[in-house]
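The structures considered in this document are given below.
Next, two complexes with subunit A in common: one pairs it with subunit B, the other with subunit C.
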Partner chain A sequence: MDRREWPLWEVFIRSRNGLDHKHCGSLHAPDARLALQSARDVYTRRQEGTSIWVVRAEHIVASDPDAKAELFDPAADKIYRHPTFYVLPDDVNHM
Partner chain B sequence: MYTQAMDIAAARGEDPAPGQVTDAGYQAEFDAKIDRGDFIEPKDWMPEAYRRTLVRQISQHAHSEIVGMLPEGNWIGRAPTLERKAILLAKVQDEGGHGLYLYAAAETLGVSRDTLVEALHAGRAKYSSIFNYPTLTWADVGVIGWLVDGAAIMNQIPLCRCSYGPYARAMIRVCREESFHQRQGYDLLLAMMSGTAAQRDMVQDAVNRWWWPALMMFGPHDAQSLNSGDSTRWGIKRITNDELRQKFVDATIPQAKLLGVTVPDPDLRWNEARGAHDVGAIDWDEFWSVVNGNGPCNQERLAARIRAWEEGAWVREAAMAHAAKSEARAAGGR
Partner chain C sequence: MSVAIADDLRAAHVDYLLRLGDSALILGQRLSEWCGHAPVLEEDLALANVALDLIGQARLLLSHAGVLEGHGRDEDQLAFLRAEREFRNVTMVELPNGDFARTVLRNFLFTAFQREVMTGLQGSADAALAAITVKSLKETRYNLEHAAGWVVRLGDGTDESHARIQRAVDELWPYTEEWFAPDAGDEALAGAGIALCWSNTRGAWTDAVTPVLEAATLVIPAGTAFRSTGRLGVHGEHLGPLLSEMQVLQRTYPGATW
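Coming up: the complex of A and B.
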């Protein structure tokens, strides 16, 4: 007898063509086929999607919240990466 | 659907003492985030008491959605028309979905689904006491939609802004779907009120039975709601029980008038000075009696959940065995 809990899957839905798949939640399922079926039942009851991805939660590699500063702060002082950093003459400022 | 004030267990002293803060730096960062109105996400550091409060509240909310399928499920086979049956099926399916969104949100706090379900079945976790009342007639289905889902919406809208990201996101999805629940209930009642005298009596009888339990869904008066302090400070609870109850009454009384029913409260008055309705005394003895397991349907509801869990065990096991076998075959181990 297998008393393990069904594995956890993360669900991503493309709401319509032209848009990215977006994370919308998670669910438990024994295999990929049932994960897709359940995702359809749980997350698209009102035409919220045209395409579903399911991924085993354990296969997702996430950044460490404690590393937030070293990962993301360096971008804060590089304002020259943004177009608004450059003030051009009025005649060409729409560039 | 849902829920009543979720702070009951703590208010009753059933919750263990808050954990010790081990790292003042983390705590300061957490407090600053809360003060700024930022969201807390699953992998962020959080005080143990915050985590525990959320696990209790979100899981009780999830249990309420699942147990809440039972009173209405009772009427699926006896809906008066195919259209009403399709609507009720969709609603009950939504409640199941809401339970799943919420279990998933609770699991992000590092607790397994099975642990939560076991706590319900062992009686350690509560669900909303409203579901311990029986659904005696078809009018009850309408009144549950109108009053019970209406009260739930009042309770749930502020939770869309709660500080824990996964809970807030789940609540946004729930609230988006819940509006249909209330409207179909009112629509059903309007149809019955345009029917025979017996049908109108049925509606009034259902309102008489559900009115007070619906008001109790908002939980004890603020003065008795001991755990609200922490929940408020942490941005989990945004509006007090009494404020929400007042909003619900003020929104509902005009709807009752339009429907042509009265609520069973001889002390109900419009208070011109407050610009709000005054409400008669709530029977809190009944409330605590139902919370503590002595409502009309407590045993039946819990027994139905346990039976479904136990009778479904072989399906869960077989599905896992099938998945393991298929995986082994695909790997060439046939």
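Coming up: the complex of A and C.
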């Protein structure tokens, strides 16, 4: 028996209009049509979504976990990149 | 409409609701047998979702039938305390699941039929029935889309998958004839604006299923004289064992709730 697995797809769900799609999991499917349907069946059974994206996992280019030090650590001591040194007028709220 | 005619129609009306409701219930029960056994996790959930949609439709239809019948029977009594001959489901849905190909092919054929019937019932003079079909149609459209995808995928797939689903077509196709046989009750209800004749859906149903079967490279078998009779209450050998499993709890502990 042929035991080759169906390709892996990553699933992104938008829970409400105006929000971003968020990664919620993955699944196996032989084609895009079934990947969308399975995403609907597996991840939106309890009204979690209003929109679904699926993308073949192999098409996602990911950063190297071993490169964390050079990629992300240098930002740690550059506090001037945060807009926290401005004095806001009292009338400007929710910034 | 005189009261006498209305009374005459009521029996046919209850029957009509039971045919739809029982067909949904029995197919839902069959599909739930796949729970935990489907070929892949994703399809396990998909089939369970379809089963739950069907059982939900059955609840609405049987509840409505029980009220109309006027003997005080609710959905549970109709589902769990009727005998085999009182069930009005079409014969195809009581057949064993067989393999996955046969399961999805049955879903495809029957759901396409359900869609045509429900589409015609949205304007029913029976406001409750119209409302039930409007709600159910959304589920039915999705379930049909899902099943149709599988029919093409398997039919136009490997030699093995093609052979299996072609065998399913050959075995199940004769059971579709029952759906389109003329029926006096249907005609009376159609005349009153309550229902549509199932026999009138043959053209639309054929137009819906044929392109999918062709895309799946499947051959539709020639017609035969065989006519199943489930909707008349005369069933095959498989409904009895299904009911004994489905009804065992209420039969053993009548009135049990939890």
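Brief remarks on what is shown
Please note the rule applied: the second predicted complex is superposed on the first by the 81 of 95 C-alpha atoms of A that agree within 3 Å, B and C clash if a C-alpha of one lies under 4 Å from a C-alpha of the other, contacts with A are read in each partner's own complex, and residues count from 1 in each chain.
Please note the rule applied: contacts are C-beta pairs under 8 Å (C-beta built on N, C-alpha and C of every residue); 3 or more make two chains touch, one makes a residue touch a chain.
Because the structure is a prediction, the values reported are computed rather than measured.
In the superposition on chain A, contact of A:Arg45 is made with both subunit B and subunit C. Once chain A of one complex is fitted onto chain A of the other, the partner contacts of A:Pro30 extend to both subunit B and subunit C. Contacts of A:Ala62 after superposition: subunit B is touched, whereas subunit C is not reached. Which of subunit B and subunit C touches more residues of subunit A: that partner is B.
By the touch criterion defined above, A:Arg4 lies against subunit B but remains apart from subunit C after alignment on the C-alpha atoms of chain A. Overlaid on A, the two complexes show subunit B and subunit C touching the same residues of subunit A, namely 6, 27-28, 30-31, 34, 41-42, 45. Residue ranges on subunit A touching subunit C, taken from their complex, read 6, 27-31, 33-34, 37-38, 40-42, 45. Those residues of subunit A that touch subunit B in the shared complex are 1-6, 8, 25-28, 30-31, 34, 41-42, 45-46, 62, 64-65. Here subunit C touches subunit A in the complex through residues 40-43, 45-46, 49, 142, 145-146, 149, 153, going by the rule given at the top. Interface residues of subunit B facing subunit A in the complex, by the touch rule stated above, are 41, 43-45, 90, 93-94, 97, 100-101, 104, 107, 112-114, 169-170, 173, 177, 316-317, 319-324, 326-327.
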